[in-house]
Amino acid sequence: GTTGTTETARTGGGVFTTIDGSKQINASAPINPFNPVGSVFSGYNGMALAWPKNDPTDPNQFYPAIAGSWTTSPDRSHVDIHLRPDAKWSDGVPVTSEDVRVSIGLAYTQGGTAYALDPKAAGAAADIQVVDPTTVRITQGANRSSTFLANLLSTVVVPAHVFGKLLPADFWQLLKTAQHGQGAVAEKAKSAITGLAEKVIAFDPGHDVSAGPFVLERVNPGAALLTRNPYFYDRQKIAPDKVKILNYTGNEQIWNYLIAGRLDNAPFTSVPTAVMNRIREARGSKVIKGYSPVAVSLAFNQAHKPYDNVHVRRALAYLIDRAQVTRIASPEGGTPAATTSGIHAQAARAWLGSGFDGLEQYRTNPAKADAELKAAGMTKRNGRWAMPDGSPWKVRIHVPASFSDWVAAGKSISSQLADHGVDASVVTAADYTLYLGELAEGKYDLGLWLIGLGPSPYNIFQRLFGQANGWQMFGGRLRHVAPGTEGNWMGGPEKVDADEAGVVDPGELTGKLNYASQEEQKRIVGVLAKVANEQLPVVQLWDYVNTQFVNTSRYTAFPPDDDQALRLSSGVWMQLGMIRKAEKGRA
Amino acid sequence: MITGTGISKTFRQRGGVLGAREVPALRDVDFAVERGGAVSFIGESGSGKTTLGRIIAGLETHDAGEIVIDGVPMSSLSHRRRQPYFRRVQLIHQDPYSALNPTRTIHQALEAPLALRARQTGRPRSWIDSRAQELLSMVGIDPGYVLPRYPHQLSGGMRQRVVIARALTMDPEVLVADEAVSMIDVSLRLGILALLKDLRERLGVGVLFITHDIATARYIGDDGELYVLYRGQVVERGATEKIIADPVHPYTQSLLSAIPVLHGLEQPGAERVVPKEPQGEGPPGGCLFVPRCPFSTERCEQETPVLGRDGGPGQETEQEHACFHPRRRSVIPVGVGE
Amino acid sequence: MTQTVPGRHRAAAIARKVAGHVVRGLVMIWAVATISFVIIREIPGNPVLGQYESLIQKGMSPEQAERATAVLYGFLPTGNLWQQYVGYLGSLLHFDLGRSLSTPGVEVTTLIGHAARWTVLPVLAGTLLSFLLGVTMGVYAAIKRSGRLGDALALSGSLLHGVPVYVIGLLLTAIFATLWPIMPSGGPVDVEFVPGLNPGYIGSLVHHAVLPVVTYTLASYGGWILAMKSNVVAVLGDDFILAAELRGLRRGIVFRYLARNAILPLFTILALSIGMLFGGSIFIEQIFNYPGLGLLLVNSISSRDYALMGGTFLVITVGIVVANIVADLLYTVIDPRVRSGGAA
Amino acid sequence: MTVIVNPAGPPAAPPAETTRATLRRNFWRGVWRVLRRKPSRMAGVVIVALFALMGVAGPLLYPAQLPRDDNALYAPPSLAHPFGTDFEGTDVLALVITGARYVLLTGLATAVITVALGTAIGLFAGFHRGRWDTVLMRLTDMNLAIPGLPLLLVLSTVWKFESPLEMGLVLGVLGWGGIARAVRSQTLSLRERGFIEAARGLGLPTRHIIGRELLPSMAPYIAMNMLIAVTGAVYAQVGLFFLGVLPFESNNWGVMLNLAVFNGGALTTPAALPYLMAPLIAILLLTLGIVLIVDAMDEIFNPRLREE
Amino acid sequence: MTAQPATPHAAAPGVRIRDLTVVYKTPAGELPAVRGVDLTLAPGTITGVVGESGSGKSTLALSLLNAVQPPGRIAAGSVEIDGLGDVLTLRGEDLRRARGREVGYVFQAAQNSLNPLKTIGKQLLDLGRSHDVEDLRALVRDARELLARMGMDGARVLDSYQHELSGGMRQRVGIMLALVLNAKVVVLDEPTTALDMITQATILRIIREVHEERALTTLVITHDVGAVAEVADDLAVMYGGRVVEHGPVTEVLGDARHPYTRGLIRAIPRLTGDLSLARALPGRPPTLGTLPAQGCVFRERCERRMDICETDDPAAVTHDGRTVACHATGRPLELVGREELV
């Protein structure tokens, strides 16, 4: 029900109901953004310096938030952050540079890319300076990363007058020692800082002090209730009086809420077609789709026979009808992968241009598959493919049981393979944790695996040619470990022949993406995409589509399809002035 | 030939809220059963008759005393080696309804022990069936009718005969019949008693007869011996006919006085001994019967009488008894017109 | 031979009995604690990776996800197995079950305490409701056992007793939350109401509890009706009921004789099933998304939250052990036969 | 003095063999009568027989790879697909039938193990009494007190229950307590019955006493428990699959429930409802069948009830 | 109404059972457990009924209170009690009030006739309330007196649970509960079975004494001829659901006229006398299923069987205050009997 006051009846009011996709509501958790399940909800009562835009290729695109603007030196050596002068905490205290500094200090206790204690780590900050009450300057260390800005701007800001006491008085001195000191002293300082982590996480301020548009009022096991923050800098943009963030334990619950029209906005969830149809039928229900920088692939463990043979991998790529798989597994939330490039198709076009069309598409083609299998020495007997040594070939596709779309995909693939004489079956792992553990231990032949984590090209290829495939970054140096050791479960070769580019080390190329200029990045991405396409460490199955559900019967003016804000919470949408009270929406 | 000396048994009951509780069931009991002899134990409920029977049949252990079977003291043998001896003593259960397995036919019930017996004595298997028929005929039932049937299809009397036949499969020396007729229909009781007597005479088995009804004890054998048990102790012992006619222990007299008089056929005895309602356990170290004895004196409360023939000043009783004041009382009903 | 027990004696005896039970219960709890310790240390899977990948899939950037999960590393147990074991037992003595991984920084005991509330409420209601219903219907079914209605009641009891709880739960949800949505499909209470003794909050609480309670009631009703029926039939066969009738006792009194004798053994089962309630509601909580101990256990397992998993399992077991003790003592107290050691 | 031994039997007795056969026939006639008295019981027998058939022959009716119809995902019930199709377009009925084997096999394995363990332990404890009894009963108490489902959940994290037999083994090892306790008390009470004592007195070997005297008396009881254990195992197992804590490789009812609810939205839209209902109905039917049979067995073996 | 103290000389009622037939429903149809029984209990006497197991004694006793349990059913006959009328026509509350207050019943297994969960005293109060006794204190006092009369500590017994009492004590409590409301007709079903000799003697003595003090009309049912002979004035012998002989106890025992009675007496083990004269009755007692549908129920075991016994059920003939149902009565039976015994 909506309970708009008369005062806000025309412009706003009511309860905005939504779900936070990235965490479950936990009534026992502290109101603390550093706690992974803390009752701080990004965009509502949790604020970052800025909000990332959903750009397929540039990770440094942001909407201003606490930081009204920022300037980066051309050589990426430092960033100046200019805070919004009108930003205030919900208790009326202004947001200042000190808040940012404390927030950064706390972030150091937690570790992270920009706030790594090791100054040699790529993209680590080397110094934080409060220039004036609304300006902070952050200097990048020696190994300058192209995503430094993005990592800085994502910094969560907490009130220094609440969280400040968590940092010991000599914290900044300690940090200096940890970063620049030598030997035992530095180590001691480092462990002193990481030793703070647990205290920081467990800290519960008791009541919420927020710089966002809302303040947490109450949490119970089923939901969190937030009310408007009267001190929010853009308060006139915020329509609802209250926000109710529901908990969810399974997708089916979200489906129910959506069908009942209870959610004003729901984050992406995989939805079967039948359910989708019912959701669409709900009054005011609307679906917004946009780019989502994640794709699903079928990954091979090349340490296991016969998947060490590229022909076998190609044969499987030719046998799998990706359109069909997508239709069964994720009809609403995915588009069949055009090919395997390691990159989400939308980003791939941007990176590769026409080069994208030059990649082998692996259209379903049993004849080619047969040829590839023969090339791999496999034989077909009684309509069933067997290994070169005559032993039966059993393809076991592993999926975590908790991901319904993956299970369906696995089943569909196994059915398709079976149709072509490949003895295939799906094996589920009880849960994702177990699945990843066993996957990393090299227990599976094939398993489903997320790739294409854009927009940073480094992140994208890190999935294919990173730790999982044997390349490890250690103290700023890259090394390759043998398959089956130290988390190298993909077991691909260290060097591959990439035609024009010659013999390359894909891991090394990936590493370079971190620092390279835009141009250089483009070249490297081209090479790596081709390597991925030819070597097939994975078969890309479908690219996720960010499907968001909104309901316009109470609020309107949601972002349109493909909007840059689409991956941000509706709290951020409000900040950006998007959500308005519906005209006749008094239900 | 089986004898027991100083048999004692105390049950220790664990559990319950009370913790351990000791129940002395038998106190220093001596007995002997001859081949073809008849020995009866009488006593009221809880006097330890069943316990004694089970001990003699090897189904229960005893705390003290010695059982000698065929001259072999059982305490000298291991548990396993005792078995063949105890097999020579067969228990006939009080309740013929539960003594036969309801899921097995009479044929099956007899076959198992007979097969065992055949193996022991090296007889062929064909012997089993003929022996089964022979035994059933011996106990007076038609083998053709009984063999294929289940126990519930037989009457109580028939069942008890089957139980006896089964006991006979082991060619026992002694049959322990624990209230073997108390659950049999009145009209049939005598048949079973007669059968036991007949078996004594024909097969020479000794019969140890346990009952609380003295009259039935008489029917097992007029030449037999009678033991009167009270709270685990033998209080009177002697020839059955003698004790019935001339009981000297007040407890025996109480038991005999309690026997109902068949008015019209019998007249009550001249005297009647009615025991008192027991109040407590009685003084420690005294006669066990003191709390109920109508004739007890101070001496009875202080000393424990032992079995003997002391019949008062300078006299001897024919039977042994454990009483300081033995006196004959004619308590039994006397027949009229017969 | 019977004896009456003097009161002092009896009290001492009962104290001894309690002590025996408690010692046995402690041994059992220790065994379960050890089992769960061993099992839990053997669990494969990587909670950190799991958390990380889940966040990525939900659309978090790899950096953010990494930051969010990095902290988990800090809480993984260290030291060799033996040291861990000793430490674990030591902290158990202080009722310290460690800290949760999936809700970092929060004591396991706190989480269990919160969850226990939500388990106890509906399951207790369900147990009592089904007990009352089942017992009443059981008497009825026994008395009418040769009639059609009695037959139907008994059959319904057998069926409900036989059908697994999740089947009932799923059917109820399908009907009352999907096809004919008059009930909320999950959660314990609407957050809009201020917790406390106000009608809105309580109404919402009840509304949300209806389906779980009904499911639980239906699922356990069958057992009660069957047990009560067979007890009543058995007592009906006892002579003292006929004797009471032949003495011309009022029907109501005879009925009370009957019911009290038949219900007596059920009280111990009731105590046991109240003990079971800590673990008995896993399916219901999963289906109705009710944040009780069962759901906590399932969630702790899927997030590989060792401490939470072990703690929850231990609490569930302790509940049962305690219930066992209570049931035994209860029997001692309410049945005069056992009370004075007549039959044990 | 002469002793007259009265032959107690009536003079005319039928020959032994025919009587025995008649008795057996009488038993079956009794069974038949009990079944016929309530047609529902007959239905129970038919249902359970059908399920048994399904478990044995079900998978043979279909190709190893069930046919899919890509154009009929979640098709509504029709003549061709009485329970519609699943997310892949596979006939749901076929899934239920082919999935029965795994489920029933586990049930059977569990029942056999539960009953074998429970009976053995109960018999041993009840027969030997004394110290063994105490130790075994402590174990049994423990087995009974450890909450089965939570333990299974915890166990499922370390153990994968790959085959139905493995699953049955674990369920059986967790579930024998009840039977052991009941068998023990039965043994104790039977021990007090004269015939066991008589057998001991006759010096019959323990093997004989347990195998021929004790077990047959408890057979009906054990058989009934076995049936009940089958259902229990089916539920536990389907439940675990439904919760999704067990990895699965082959199709079975629990997996269907899980997929229907968590993947198909069966609790959200009626579209996938048939997919959910099919295994639910299978479970309900199986329960019904077993309940009806147990009811009939109760009457066959329980003379007290038969008198009604 | 209050419980009145025993008034010794209040007139004892007479009881007349006429043509009573009770059937039980069995798979083989409705079979009579009691068939055409005529029995008169003279006021103020103790009538003993003996018969072997299954002869229908308990069924007969229950009929006196119109309390035959399903699947049994009183098919025909009447039970007239002075002051009450035909008990078999009583229904509902009337019947309930008659039970306990007018007719006391002591159960076959009195050991189990008490509620295990309540003290005897509470059960006594239940009894009083059920019969609208206003002065419950007086009731308790009466009960205590009665118990004391039977040699027990009344106060202690009333405070006890059933399991705290021995078998003999429970039996006495059963008798107390049957008498405490001043019932004038008392039915005792096997009051001494499962008690040992001495206790049995005590109970029998108590029955006799209480009977005389309270001027009751008492029916004692037992399978033990000895027990009956000790207390009863009259003796009825049942066989296969029929009363085959009835008369004063000394006469019936001293000069039995029915072959069954004679056989039964001969089968009783005795303390004195010639052992060789004793013998068991051949054959086995009938059960509902084996009862012949027509003819004399005893003929299979009868030493004096005649052709007419196969077809005709002998009618009960009363002569000299003695009733016998046998075709052979009056015929020279001595000879036949002797013949067999040789």
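So that you can tell them apart, the chains are marked A, B, C, D and E in the order they are listed, and the count of residues begins at 1 in each.
As a convention for this text, a residue touches a chain if its C-beta (ideal position, glycine included) is under 8 Å from a C-beta of that chain, and two chains touch if they have at least 3 such contacts.
Protein names from UniProt, one per chain: B, E = ABC transporter ATP-binding protein; C, D = ABC transporter permease.
A quick note: this is a predicted structure, and the numbers were derived from the prediction, not measured.
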Shortest path length from chain A to chain E (each step joins two touching chains): 2
B-D compared against A-C, more contacting pairs: A-C
Averaged-CA centre spacing for the pair chain C (ABC transporter permease) and chain A, given as whole angstrom: 40
Chain centre separation in whole Å, for chain E relative to chain B (CA means): 31
Averaged-CA centre spacing for the pair chain B and chain A, given as whole angstrom: 91
Inter-chain centre distance, chain C (ABC transporter permease) versus chain D (ABC transporter permease) - centres from mean C-alpha coordinates, in Å: 25
Multi-chain contact sites of chain C (ABC transporter permease), meaning residues that touch two or more partners: 1, 44-45, 177-178, 185, 301-302, 304, 340, 342
Multi-chain contact residues (two or more partners), chain B: 155, 157-158, 188, 191, 194
Interface hub residues of chain A, defined as touching at least two other chains: 250, 256, 402, 430-431, 434
Of chain B, residues touching chain E in the complex: 44-45, 155-158, 185-194, 212-216, 218-219, 222, 244, 254-266, 274-275, 277, 332-338
Contact footprint of chain D (ABC transporter permease) on chain C (ABC transporter permease) as seen in their complex: 24, 28, 31-32, 36, 39-40, 42-45, 145-146, 151, 155, 158-159, 162-164, 166-167, 170-171, 173-174, 177-179, 185, 237, 276, 278-280, 282-283, 286, 294, 297-298, 301-302, 304, 309, 312-313, 316-317, 320-321, 324
Touching residues (chain side chain B, partner chain D (ABC transporter permease)) in the complex: 57-59, 83-84, 86-87, 90-91, 93-96, 98-105, 107-109, 112-113, 116, 139-142, 144-150, 155, 157-158, 161, 163, 166-167, 169-170, 188, 191, 194-195, 197-198, 201
Contact footprint of chain C (ABC transporter permease) on chain A as seen in their complex: 15, 21-22, 26-30, 34-37, 52, 59, 107, 110-114, 147, 150-151, 154, 194, 197-198, 201-203, 218-225, 242, 244, 246-247, 249-250, 253, 256, 260, 267-268, 292, 294, 402, 430-438, 440-441, 450, 453, 456, 459, 462, 546, 567
Chain D (ABC transporter permease) residues within the chain A interface of the complex: 65, 68, 70, 73-74, 87-88, 156-157, 244-250, 258-259, 261-265, 267-269, 271-272
